[in-house]
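I am attaching a structure below and will ask some questions about it afterwards.
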Amino acid sequence: MTGTSTTVVPKPRPPIEAAAPAGELPMVTQPALPFFEIETLRAEQFIPNAKEALGSMIAEQAQDKLIRPVFNWAGRNSLFPLHWGLACCAIEFAAAFGARWDAERFGVVPRSSPRQCDLLIVNGTVTWKVAHKLITLYEQMPEPKWVIAMGNCATGGGPFRTAYSVVPGVDKLVPVDVYIAGCPPRPEALLDGILLLERLIQERRE
Amino acid sequence: MSTVTLYSVANGLIVAILTGLYSVLPHAYFGWLVNPDLILVLSVLVFGAILLAASMINTIMLIWYERKLLGRFMDRRGAMHVGYAGLLQNFADGIKLFRKNTYKPRDADGLGFYAAPTAYMVTSVMIFAILPASWGWTAGPLPLSLLLALVVFSFAPLFIFLSAWSQANKYSLIGGMRSAAQMIAYEVPILLAVVAVVIVSGTFDLTTIVTMQTNYWFGIPLFVALIVFVTGMLAEMERIPFDLPEAEAELVEGWNTEYGGMLFAFFMLSDYLRALIGSFLVVLLFLGGWTMPGWVPSSLTALPLAALFWFLLKTYIVFGVFVWVRASLPRVRTDQLLRIGWMRMVPLSLLAIVLAALLVLAKCLPVLGCLPGVGG
Amino acid sequence: MEASARLFQRDLMGKLSKRFPTGFLGLDPFPGTFGRIRFDPAIALELFREIRDVHAFEHLAMVAGIDWVERREVLYTVWSDVHRGYLLLSAMLPAERPHIETATTVWPSANWHERETWELVDITFDHHPDLRNLLLPTGYQFHPLLRSFKLHEPEELEVKVRHV
Amino acid sequence: MATEETAVRSGKTELPLLWVAKPLATAARQFGRSLVRPSTIVYPFERLEDPKFRTEVHVASGKPIGVGAVWDNYRGVHALNLETCISCNLCAFSCPDICIEMVTVPGGDPKHPKKCPQIDYGKCSYCGFCSDACPEGCLTMTTRYELSVTKRSEMVYSPERLYGVYKEKLPMNPIRLERPKNEDSILLDAPLCIGCNACARDCPTNCITMLDIPKAAPKPGEKPAKRIWKEPVVNDSDCVRCGTCISVCPKECLFWGTHP
Amino acid sequence: MSEMWINMGPQHPMTHGLWNLRVRIDGELVLEVDPEMGYLHRGIEKISEDRHYNEVITLMDRTCYVAGMAWENLFILGAEQALHVEPPERAKWIRTLSEEFQRIGSHVMWYAAFVQDIGLMAPFLYGMRDRDLVLDLFQSYTGARMTYEYNRVGGVRNDLPPGFIDRARKVCDWLLDRFQEYDDLCLGSDIFRKRCDGLGVLKAADCVRAGITGPMLRSAGVKRDVRKDRPYNAYDQVEFDVAVADGADVTARYLVRMEELRQSVRIIRQCLDWLERNPGPAMAENLPRWMGAPYAPVGKEGYLLKRNYPKGVGLSAIEEPHGEALAYVVNEGGEHPYRVKLKSPIFTNLSAAKHYLVGYRVADIPPIMGSVDVCVGEVDR
């Protein structure tokens, strides 16, 4: 009941034969409320509020202690990146899924359809020609979703940032959660970035 | 022994609980507790829950098993950091997909979009009620259980096509059409191969078929039928080399391109459910089901659930073969697939029927029972 | 350069100057190739035909455009399987409205090369079957490989943070 | 020179035996090998730089392949030895991506603040030109490659942070390039020089000294110059060829060239 | 079903890069194709005009990211010709060695991607695994896995480290075994042969007309290889055969590439022998400081221009893993190249897409495009 000011306790009934001040008309007294009615009223007022408060408390607690950790655990351990190669980093991206590094150990499995993904790894130079397609792909991914800018081109345009056709950093287009420096980053560096993202998800409070 | 089934166990459980309650409670008011209709409904529900749980856990373990096995085929380790040896990986995937928000593409057909995955999943789970995993692990004595299983199994193209059409996506549509063509093409050889089994066994009851394999596996005399059946099952399960509908290289994700979140999880699960059913059927029809070979000491055979364990072991080995094929073969093309289906598999299955008939006529089947270490 | 190549070069020069008395402007030596033919864009198509059919340079390797501020050069590199060597054909075009006849009718592989040269160096190829943007977005206004087109200045570090 | 032609005629390649037996067998063989030891490196727990991988990398066949010493000249994050940095600016000059900025660090005198490189790893392409150019060998590249951050600004490594990397004693790129034998020298266009001392003041190695130069005798009718003219003289063996003097010269009278 | 256009790309598993193949299909039949390029156009030619010759190397590595070393070689050859610089003999051999290793790396990468296109799952991983060994070797002497920055005008940055030759020999032996496995997995499979025989046929005459080079051309029976026809680096001193097939289809391209892998190992062994016997400098001496210095002393533009270095033009051609690549480098005396024009073999190979795609089925597009071996970086530059 903390913080709920809406609880209405029925007004105390004035005494029946109260001495009316002299010279004034006797007050028209209200009929006495029977016990049962009072309790019904109380219940009507009290129980929903209590329910609500208790429910929200339980929900909060459950969310803190149970649901959110479980969801965060699940979300962090099964990141499906979009199977999309942009440029040089895409080769290292592929190598990270190769036999030597095997990103599937962490449950990272690339999917080809953005609908089934929750991680967009921007692995290469983003040009203005592909920018709106990247945004479309990002929007096609269902929430919750994350973006990793892999390599310098995605981070800030890299060696090509002075060129006329290159977006200087993918964070101009979509919100980026983790940046991985490198040109291109080693597969280990990509895995390190994914692990960093996993830590971020673990601490996530939506 | 065969009269005790999983359903009858569930039924007995419900009856025991309800009658116990009824005996305690005043009879005048709680007569409805022993209403046979209620008992029926409750038993079916309990039975369904057990089935669902068992099939889901099995399926998820199957996915884990495939991922680990595939990993080794690919010279890597597969999922290993989530839970012990990655055992919890698929639970994480499932929970994550459950939590992803669901949406419908603008042009998609609402009813079909949502109904198709659900129906696909439901029909897949349904078959588990029919397939006996061990003595009595079924709804009851079903004389036509094999036929029923195959009929329900062949509902899938309908739902796949429905989902493919309702997604309003070109890749899905092509995938769905391929899927429909493929499944229809491979229904025929599968059914014909099953006919060979039926000719030998003379029954459609799966429990009886398994019982008849105590002495020898049907896969040995009916080797041709086994080959046809396994190939057909590969096509029905849409696994490499017949995974054209989901061909990742040309159709992005095939007929579930537009699905995400829980609906995608439904499709994924159902695919593996169907894979599990396919392996079940191969084991039941051709590899002796849960019957143990003679060299297993009877002290082990008598253990509770030993038959079930044996059956699952065989299933997983059969599925391992599917994974092996998946790891080492490329996929074929649509026209080649159909040509293999109609021009190779159908004649082969007819040949299998003829062979089965000849075997039965020549009465040479009991001879096989003397082979050591084969069955029984 | 080997003697046979030099011989071929002289032979080619003689034949071409006879065939194109006005349009053929000369054959410069170019290390590693049979040389560079300078020609007048007016004779482009006939020269291409001659080079391909008579002299058996049937493979077009590259079309390059170079902006020499006051004029533009278009450079074709062709290869002959018979003579085993490259030959360069170069034509100087005026800086305003540079245009030359397309080579796609002679060497179909010129198609994309010319589209690229058109959009990057702004050289129009007349009668090109499909002259639209190849590398740049459709409707891009500029021609980046002209000398007058400047790149962005390498900007200041956007992040002015000192981590100690 | 044997130049016989290897003809792989696809018409002649016979069709495979037993349909798909060969690939199945190959995959099974591979499966058997990787059951023993897959070639996966369990990354956060094992690393390729670990000593056991430095000597040999086990691949799936169980056959060790010696690809150790891979890391000797790996180009990762830089390490900067702040103490020996002479603020010559060569790293910033040589950077093709213009990701190095010379920033002031404490330690210099107020007139000549000490400037050391600050590197933005969001732009660096790890080409190694800067460490090749460093004349004192104080800017080297280490084997560190993990650079995941959540904020873009964390990618900028200040000189102090680079010094921190240096102090971690990571394996460093050992290859120091020899300086070219016939490097150009700083030459002086003497008639233009005004003797302003800027070059000598800013020279990071103090290899420029201002020497009194007797001016040519005044022409008849002119007054002899009153002030003493000084001209820079470059000590070529100490010069690191950073070009600072050229860039500070107000009259552009210094230039690269070979001594006549 | 009526005809429809489908867009394969820019995000599509088939493309292996950033391009878009628009396909008009009728049912499963391909009626018309239209490749859309330019999604990865980074303006490398323009940026090169703004950089020192040695600094352009950093761009060349990224031009074709699976064959960075080959493109370094290509540009450096052109630049050396334009700058009138001759590298020492040992540098030439090291470049030859590097290029052949790069060819192995690229072809193995191609194998991995190609088998994935036709649905083979495990060999993709095998390819990536074996490529990593080659990259390890690269890392041991260049210092990076993919972007090497190893060549300089007038030589190479550093000599091979001690022990490299032994390691390289071991890796070569190991790779030869693996190539046999690759063949077992692909050619030994009936499905593969059924799938790829007679697919994407482009006969020799059409290839020449369409300007196609590289393994695609050689698979049609035309014996043309820049390494033989116009030897550069040390290719005139090594012994190797040109792989030629006559099928002109996907299988033939597969065979040509596999044979090239074996020939590369053969060349590498000769290079290793030579390098073992002949120590020497790997960098030309007596270079003008701004040309071949091991570091790039970029002053402010103008200081160096005071000296009149000879102008020059360079045209270099190499047999890149994908085909014949050309670089045209114009040196106008400055410290930056005046114009760098790069010709990618895939550029022309892709432009002929309609000749080898139309008439086949949708399911055939991935294997055919896989056999073309598209690397978009060098097409779009």
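Note that the chains are named A, B, C, D and E in the order they appear, and that numbering of residues resets to 1 at the start of each chain.
Keep this in mind: contacts are C-beta pairs under 8 Å (C-beta built on N, C-alpha and C of every residue); 3 or more make two chains touch, one makes a residue touch a chain.
Computed from a predicted structure; not experimentally measured.
Chain centres defined as mean CA positions place E nearest to the mean of all protein CA atoms. Taking the mean Cα position of each chain as its centre, B sits at the greatest distance from chain E. Contact counts per chain pair peak at D-E.
The chain with its C-alpha centre at the largest distance from the centre of chain C is B. Centroids built from CA atoms put chain E at 27 Å from chain D.
Chain geometry summary: the mean Cα position of chain A and that of chain E are 45 Å apart.
Inter-chain centre distance (chain B to chain C, centres taken as mean C-alpha positions): 64 Å. With centres taken as mean Cα positions, chain E sits 48 Å from chain B.
Counting partner chains per residue, chain D shows two or more touched chains at residues 20, 23, 26-27, 30, 38-40, 42, 60, 96-97, 120, 122, 125-126, 152, 155. Annotation for chain C: residues touching 2 or more other chains are 136-137, 144, 149, 151, 154, 158.
Contacts with at least two other chains are made by residues 98-100, 102, 105, 112, 129, 156, 159, 161-165, 183, 186 of chain A.
For chain B in complex with chain E, the touching residues are 70, 73-76, 170-171, 174, 177, 240-241, 243-244, 247-252, 326-336.
Residues 128-129, 156, 161-165, 168 of chain A are the ones that touch chain C when the two sit in their complex.
Note for the complex: chain D touches chain E at residues 1-11, 13, 15-16, 19-23, 25-27, 30, 39, 57, 59-61, 63, 65-75, 90, 93-94, 96-97, 125-130, 132-133, 141, 173, 175, 177-184, 241, 243, 246-247, 255-257. The residues of chain A lying in touch with chain E in their complex are 82-88, 90-92, 94-95, 97-100, 112, 114, 124-125, 127, 129-130, 133, 137, 159-160, 162-166, 183-184, 186. Those residues of chain A that touch chain D in the shared complex are 99-102, 105, 152, 155-159, 161, 169, 171, 176-183, 185-186, 188-189, 191-193, 195-196, 200.
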